[in-house]
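There are two complexes below, and they share chain A, which is joined by chain B in the first and by chain C in the second.
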Partner chain A sequence: MGGAVVLNRLPLPAQLDRTVTTGGLLAGAIVTPPLIALIVLRVLGNISSAQMVWWMLAGVIVAGALGAVTLRNVVHSALALIAAAMGLAGMFLLLASEFLALVQVLVYGGGVAILLMFGLMLTNATEDPVVIDGSQKPFAAGVGLILGVALTAAMLSANWDASISTVVDFRDLGARLYRDFGVPFEVASLVLLVALVGAVAISRRDNDDDNDAEAAS
Partner chain B sequence: MTWPLFGMDMPVVLDLFIRMNIIVILMTVMVMGLIYIERKVLARFQMRLGPTRTGPMGLLQSVADALKLVAKEDVRPTNADPWVFELAPYFVFVPIFIGFVVVPFASGLEVRVLDLGLFYLLAASSVNLVGWVMAGWGSDNRYAIIGGLRSVAQSISYELPLVLSLLAVAMVADSLNLTEIVAGQAGAPNILWQPMAFLIFFIAMIAELNRPPFDIPVGESEVVGGPFVEYSGIRWSMFFLAEYAALFIMALVGSAVFLGGWAWPFGEQLGLPWQIVLTTVKTSMMIFVVFWVRVTVPRMRIDQLMAFAWKLLLPLSFAQILVNGAVLVYELPSGLTHALLAGSGVAGVFIMMWVINRSVSRPRPRPVLIPRTDQTWEATR
Partner chain C sequence: MSDLNFNYALLLPEIILAATGGIVLLSDAFRRELKLGRNMLPWITVAGAVLATLASVAQAGIVEDFAGIVLVDAFTTFFRVLFGLTLAVVVIGSHEYVAKQIRGQGEFYTMLLFATVGASFMAMSTELITAYVGIELLSFSLYVAVSLAKSDPRSGEAGLKYVLLGGLASAILLYGLSLVYGAAGSTDYATIAKNLSEGRDGMHAPLLMGLTMVIAGLGFKASAVPFHMWTPDAYEGAPLPVTAVLSATSKAAAFAVLLRLFGGPFLPAIADWQGTIAFLAVLTMVVGNLIAIQQHNIKRLLAYSSIGQVGFMLMAIVTISDASTSAVLMHLGGYLITNLAVFMGVIAFYNQTGSEEIADMKGLAETNPFLALVIAAGLFSLAGMPLLAGFTTKFILFQAAAYGGYLWLVGVAVVASTVSLYYYLMVIKQIYVIQTDGSLLDPQAHDVVVPRWRLTWTGYLTTATLLVAMVVVGLWVAPLAHAADSAAKALFG
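== the complex of A and B ==
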């Protein structure tokens, strides 16, 4: 990295870390101009506050998603995914849907931590990172393309001018979920239960002989 | 948009800034006090004196420690991942402090009243798990990564009983708004109706905080401090700050949700000073019991810990939620409802004690000695 070489020659105090300082300066250089542009637009009155926040969150989400795909290191990818998930939570907040935002944080905070664990257990991330780029690449590209086309078509055909509903009360949400749509909810949870039991059955198959683990507990 | 603070109307951003600053400063001082008190309490339990030399009765010990930590060199191992290592303390520290937004210290003395306050608190504090994993992985140290793995396993297991026990109380209180939950307890605290939920909450809280007897992720004798092995100076002190701040916030939430917070007894009638006394006393009681458990009970093994969470705490908290739902949905007369809730809770406490007693007093399986033959010798090599 060119910046690091320059920094190494500067008479900086030893406490100042070269890698982190360089990265921080680079990130600041990338992030600051759009931020200044947004604030200037806001002050001039061209966009509303909500639009300004929307653009910021969109930047965070896109950057996080790109990072999750492009970063070579598994753990770094997972952390970029957290940034994208948090950006999405912000989007939900912007849409005045507190409950969904909190669910997003709660589920993906823990979920990404588990993902990290899998990344750590199944790969050798501290050694030089391996690029998994196998023969399935065309299929993945095809699926991505189809999904992208479908989402774009849905977005283009959607009626964006529909009247925006007001904030849904948390109690109404619960009543709708558990009373009006109780059966679909239960069916969805049954699918999860089957997956859970299947995972336990598969992972327990190997060690039938260590029954003493249960006896000891 | 303006918001009144200390009797003055001020812009909403400034108001938020001032309130958050008060919280952060208060917490930093509170953590230093907590560390001093923990050392003193621990010392008294072990028939020692604790810190006595620094200042009167050793009161300045925490200040000295803090100064030392700030002045210490901030070392990073060469092989550590720079970004993950440097950012991990913030991921541990910030979610805990964000949680203070909804904690009600007294009537009208909170940063913001959120309708989903309890849920917000749990969601915010669940993020700090990521920080633990980051610290464990980023240090590139065997002990650190083992500690990180253990902390994930433990936190995920104990988050469920914690959330479910709080949910059981929220069903009884008919709200997730912390301020409303507290205000609704002016007559009687929720612990009377949900004793088992309180017990489960307390146990799961100790486990979530990684405090003894559940300090498996940071056990000094096993993984020499777990994810924090490689940290020093100001970054290590941030972990410490987050740990004690989490203890304080959990104790506050427990006292607010179960023990009546500032509302019981006579919180509304006797005014602000009495409310602050109530909050302080209840929170201090919770924290003292956490310290007490720490010196009394030896550290658990990881399989005991998991079995305890999944086989005992989780089924019981599910049962409590089922009972609560069944009792509350039929809108029985108030007396009968409360009698059923309290009865089921007390029964649950007795079931829990019976199961724990049975598993503790069961004769231990004697370790079997495998006679060493040539085959086993070859297998172990």
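== the complex of A and C ==
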């Protein structure tokens, strides 16, 4: 790769190794043209500012989601997932739902991401070289394509309500969430409890239980 | 703001079940401090299930909703009683099995209790998100319970397959629900029904996609063909009591959601989904019953048989009305009793022999005539023999579908039902015609003496109760019909 040779001669800091630099340059090369195109469209007045931001966020979300499923290194996948979550938070902000945007950043960008990192750290999961594609991959691709086309066609043909979303009062949100939706809220806490207990119950080894029984008897 | 508090006492059955789950979990963790044996756990669970059932019976007749989120009515009560009794029967009938074959008994019973809570919320929710959360609670609990078999690699494999495919199905369902929300403008069933009957221009395509994806997602939970692939593997790998819960509670809960959705909010859009579900029903009946013929493992056989039964019950969704809802509720009741009888029999058989192969059931009529009778009666009832619950309820179900204008569908169902008799009879042949040494039974020879074995008293209790229930429902169907009728009336007003 010609670019790589040039990079080797550049006086770069030692910690910026070649993969990071080439990856960054590649990403920049991909991202810059649509970014310039969007800004040009905005300056020419073809799209509104909101539309420009929407397209940028959509790009981040799609790229993040693609990265999360295609990258080999699980840590990179997790980082891509965080990028997608942040893009989604921006979408909420664009819809004037600042509470949801905040929660999205705090819970998904922060909490879930850190939990994911902890999980990866504790389970010692690194690069996964095993390819688990089955012989049904072409069928899956076909079904995915059909579903994608059908969904896109349905979305494009629909006449979505274009009303501008209003800012929801925090007080209304609280009443709705903790009063009207109090029951599903509590059930969701049971779901979390099940996940917690289940994870412990499954990951515990068989013989722990037996030793325990012997100790008790 | 109006009154701040709802009548939370209406959720007493679910509160009892969830609290029992917590008690079981903690008394398992602190059993040394509390000087409790592990053998207390199933009885705490049974007490919780029975109390919850009594509480829901005590609330029969009350109709009240929580801001349109959940609704307590006769339909809810019907399913609550069904789920509560199923849990009690499964735990009583399988506690010896659980003590030997399950790691983490406390967690296991907790999962069964929470699964029942989830199923109850599926039956009572009148709002998409609540229904979804209920589905997830049921599914999560069962994902865990499926994987808890001791030293059986099939269990872990089954758990992994179930959780991966279940996660995919949940995602599809959720995407479908979001499209329905977009097209109907609300997650509340009543508002969806109103908005869909008014109709909005240009929203037909997303609604159609949404409905199709909801059918796919719920079809997975009910194991309708072609979303059934997980069923045989999960049934085979799961511990037997979990297989029983999968085939009873999980199926019934999926149908509760289907009935509430397609009998209420989606009814105005019936033209968009009737054909799809009719197609699924035919596919499910035919594929389920044909593949069942080839099975050697009793759990796999029962898995495909339950898929076939789901096909019959989907007919009632196609022709959805007051009468067909009542019919499918009755069939669910009869199917649950019958299926549990077979499963309790198979659990007792497994406890004695450690085998799940149909071939190993040979000569069961000599070694344990009572168990042979229970299993044979259960299989005959599943096939739909007169005098047993399966015949009466299936007859009413087919009749309702025929009156609903889908005579050709009933024709397919009758043929599929006849096919099912073949593989049920294959099991019965092993039990009654083949002797323990593998030779055919010779009616003239009476000198063969085979050592007999007995069930435990809990085994006798559950199998005998279910056998009696099967015969009683088969002969005197009025009480069940009455309950199903009032539940269907609650749904259709």
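Operating definition for what follows: the second predicted complex is superposed on the first by the 127 of 217 C-alpha atoms of A that agree within 3 Å, B and C clash if a C-alpha of one lies under 4 Å from a C-alpha of the other, contacts with A are read in each partner's own complex, and residues count from 1 in each chain.
Everything below uses one rule, namely that a contact is a pair of C-beta atoms (placed from the backbone, for glycine too) under 8 Å apart; a residue touches a chain by one contact, two chains touch by 3 or more.
Keep in mind that what you see is a predicted model, and the values were worked out from it rather than measured.
Of the two partner chains, chain C is the only one touched by A:Ala188; chain B is not.
Judged by the touch definition given at the top, the superposed model places A:Thr19 against chain B, while chain C stays out of reach. Touch criterion met: A:Phe99 reaches chain B, while chain C stays clear of it. In the superposition on chain A, A:Ala80 makes contact with neither chain B nor chain C. Within the superposed three-chain model, A:Phe170 lies in touch with chain B and out of touch with chain C [touch as defined at top]. Using the contact criterion defined above for the overlaid structures, shared-chain residue A:Leu116 touches chain B, although it does not reach chain C. In the superposition on chain A, chain A positions 213, 216 are in contact with chain B in one complex as well as with chain C in the other. The part of chain A that touches chain B in the complex is made up of residues 15, 17, 19-20, 23, 73, 75-76, 79, 82, 98-99, 102-103, 105-106, 109-110, 112-114, 116-117, 120, 125-126, 170, 212-213, 215-217. If you check the complex, the residues on chain B that touch chain A are 73-74, 76, 79, 81-84, 86, 114-116, 119-120, 122-124, 126-127, 129-130, 133-134, 137, 140, 145, 149, 152, 156, 159, 176, 303-304, 306-307, 311, 359, 365.
On the side of chain C, the complex with chain A involves touching residues 1, 4, 6, 11, 18, 25, 31-32, 38, 66-70, 103-104, 107-108, 110-111, 114, 117-118, 121, 125, 127, 129-130, 133-134, 136-137, 140-141, 143-144, 147-148, 150-151, 159, 179, 182-183, 185, 200-203, 205-206, 208-209.
If you check the complex, the residues on chain A that touch chain C are 150-151, 153-155, 157-161, 175, 179-184, 187-188, 190-191, 193-195, 197-198, 200-202, 204, 206, 209, 213, 216.
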